[in-house]
Amino acid sequence: MVAGLLLGGFYAAVSLGVSLIFGLLDIANIAQPAFVILGSYAAYVMNRSFGLDAILTGLLFTPVFYVLGAVVYRLYYESFERRGEESLRGLVFFFGVLFIIEVSLSLKYGVDYRLVEAAYIGKSIDLGGVGIAFRLLVPCLVGLAMTLALHLFLSRTFYGRAVMAVSQDRLALRLMGADPVRIKTIAFGVGIAAASLAGALLITIAPVVPSTDRDYIGRMFAITVLGGMGSIAGTLVAAVILGVAESLMSTFFGPSWSLAVSFGILLVALAVRPAGLLGR
Amino acid sequence: MARSTRTLLVGLAVVGAGILLAALRVNPYVYFAGYVILQYVVIATAWNILGGYAGYVNFGTPAFFALGAYTAVFLIQSTRAPLPVLILAGGLVSGLLGLGIGYLTLRLRGVFFSIATLALSIVLQTMIINWEYVGGSRGLSVIRPSGPPFGSYVTFLFAVMVLLSVVAVTVARFIERSWVGRGLAALRDNEEAAECMGVPTLRLKLFATTVSGVLLGVAGAPFPYYVTFVEPTSAFNLDYAVNALAMPMIGGTTSWVGPVIGAVLLGTAQQLATVTISSEMNLFIVGVVLVAFVVLAPEGIVGLVRRVRGR
Amino acid sequence: MAPALLEVDGLTKRFGGFTALNGVSLDVTPGERFGLIGPNGSGKTTLINCVSGALPADGGRIRFEGRDITAVPAHRRTRLGIVRSFQIPKPFTSMTVAQNLAIPLEYAAGARSDGADVAAEAMEILSTIGLESKAHTRPAGLTQIEMRKLELARAMAAKPKLLISDEAMAGLSSAEIDDILAILFRLNERGITIIMIEHIMRAVMRFSERIVVLDAGERIAEGTPDAIVRNPVVEKAYLGE
């Protein structure tokens, strides 16, 4: 139960990028989990070569990922969005990107599990009789911090408010004097930058292989849809629900069922309530 | 009438040529690789009926394929049913799943539909992993029946796959040229307008998802006998999902020729790459080629050819 | 008064907590030119969506030629003869203009047998509307007015008894408006009943024999164009307090 709550904080971190890109910008970036895994491998390489802390690496790499995201969005925009063909072919495009990232990683690093080392990974603290592993606690706290940061970005800064405007009303955006494509590029960059940090958290929690991204496609989209497409608070709530559901399922039925939970929830959420938990 | 006779003759000729090739007993690897390529012809064609004609992108191809394969495994385990029964049953079960997916389109369009199909694939895989009777996560050995009608069992399966691809392509071609195909194209362009112009969109979508499901299941049913060892990871391989959409995208989605061209080109390239380089490298190539085509040549090879001819 | 072609009886439609239509009733007689007006958000488009079958009604009944069609799916209503055009044109983008018309000809008007017949009929409709030179163009290559004409031509190909024209003139020049009006008058002379939803008062007033005004999901007035213009309730709805 506690593990599930902690897992939820981490899932929120993983899903923020999708919430932003898919929920608010309406861009079906199903390659997001691949970017997260890319973040994991960046953390792995830095940790192995320079002994750098994984989460610190994740933070340091956010500018790199931001630029990567901006470039991918520009390509997407020029090839699909501007021609008005985004839905179908855009989806296939991101599917291809996902595949390229995954296969590139397995070409470079093979299909063995990779992990990072840090002083806190093996330790745990005792809170009222419940042992809490730092391995889970730290990612959860960082995840919560990321959620808060993104919330502040969207509600307090000019660009953040412009992103909200893009999702709701193009006219309002023009009145603010902002260029929608530029705003979307920034938002997409931020979403991918979040993946860098989320990837670092992921490899702190558990070892990673290139194909780990597949497990997260369902989780991310389940959380985003359940959370109400772009609502940051909703994302957090949905992430915690999913985390708890998965760890309960795993305790009672065995770990092989836990993945099915997220996809099962996703299917039900899609079929019954496309507007999400806290949806309109 | 004359045209359909010609189609029939062409189809029969292809089947005949396939059987002849099977009887020639060239290098066994040719049949082994040829089976995979033909299997992709069926898969790509089936995917395209829903994805290309109706515009609903299915990421859950592995679910339908594996459902066909596991239906066969179940029947082999329980009754040792003959191959034609396996194929029919695999098609039937996958077709029912397709019908179910069709009802999803009532509420889910575009991206949401695609994500739901992906989710479906994972849920189904989890169920199979936890079903010991068909091998669970460890997999199951399947013993081929002794004495195929001709040649070795692999050449026989190769001939069966020739027949199945001819059937699949004929079905796709028939749909494309009939009023059903025109109605699907209308709903692909604009579902609301299509419904308002008298197109029974729900019925057509159910038809497309079901036919697509049947053909994918049919492609999967002989799979246990081909590999002789079935386990979830290979049956639910994501490669099927990528190839199923990459092949039509590369060939061209609006015509039955597109998926065939795509499957033959990409399938052959992959078979060669797997032997000469590595299987990861071949998947990498698929990814790059796929992205290159959607960005640079959205109409696929068929579209490129048409554009060149048009000028 | 002749028996009604379309009877809408106490139609109600809610979106969550918002009531878009509240017990709206109206009759349209065969051959009539009927105008439907109201401020933005008054429920006009919702009403059409319910009549054409795009949205299910939450309450009330809809009858066409005396038959209850409240539960009939949209494509069947089209075949019965209720055809609408869209405010924002929704052409089939992958098809040529002529092929756009072939869809309703084949699906709604039942010309399923021979390809040549469909093509000839499509050309005939295009020539009455002045679009025959664009028959083999894709919609992406059309101008704004041509797009509106395609929308109307496609509706004509469905062989309507009742044509619902949803703001077919928004954003057009005054010469172009006259052009569209002339087409609608011609269709009406051929016996097609027409419901016109329009913001351009000059056009609705000239075209309609009878007008119903909606405001905030309720029917607030009905009458001839002259009576509507002089109706103080209508004036208040449009101008506010």
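As written, the chain order gives the labels A, B and C, with residue 1 at the start of each chain.
Quick note on the criterion: a contact is a pair of C-beta atoms (placed from the backbone, for glycine too) under 8 Å apart; a residue touches a chain by one contact, two chains touch by 3 or more.
All values reported here derive from a predicted model rather than from experimental measurement.
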Touching chain sets, computed without chain B: A | C
item: Most central chain, Cα average position; value: B
item: Distance between the centres, which are taken as Cα means, of chain C and chain A, whole angstrom; value: 46
item: Rounded Å distance, chain A centre to chain B centre (Cα mean); value: 32
item: Chain B contact footprint on chain C (complex, rising order); value: 52-54, 73-76, 78-79, 83-84, 86, 90-95, 99, 102-104, 106-109, 112, 154, 157-158
item: Touch list for chain A against partner chain B, complex; value: 22, 28, 30, 75, 79, 85, 87-89, 91-93, 95-97, 99-100, 103-104, 106-107, 211, 214, 217-218, 221-222, 225, 256-257, 259-260, 263-264, 266-267, 270-271, 274
item: In the complex with chain A, residue positions of chain B that touch it; value: 55, 57, 59, 104, 107-108, 110-112, 114-116, 118-120, 122-123, 126-127, 129-130, 137, 238, 242, 245-246, 249, 280-281, 283-284, 286-288, 290-291, 294-295, 298
item: Footprint of chain C on chain B - complex, ascending; value: 179, 182-183, 185-186, 188-190, 192-202, 254
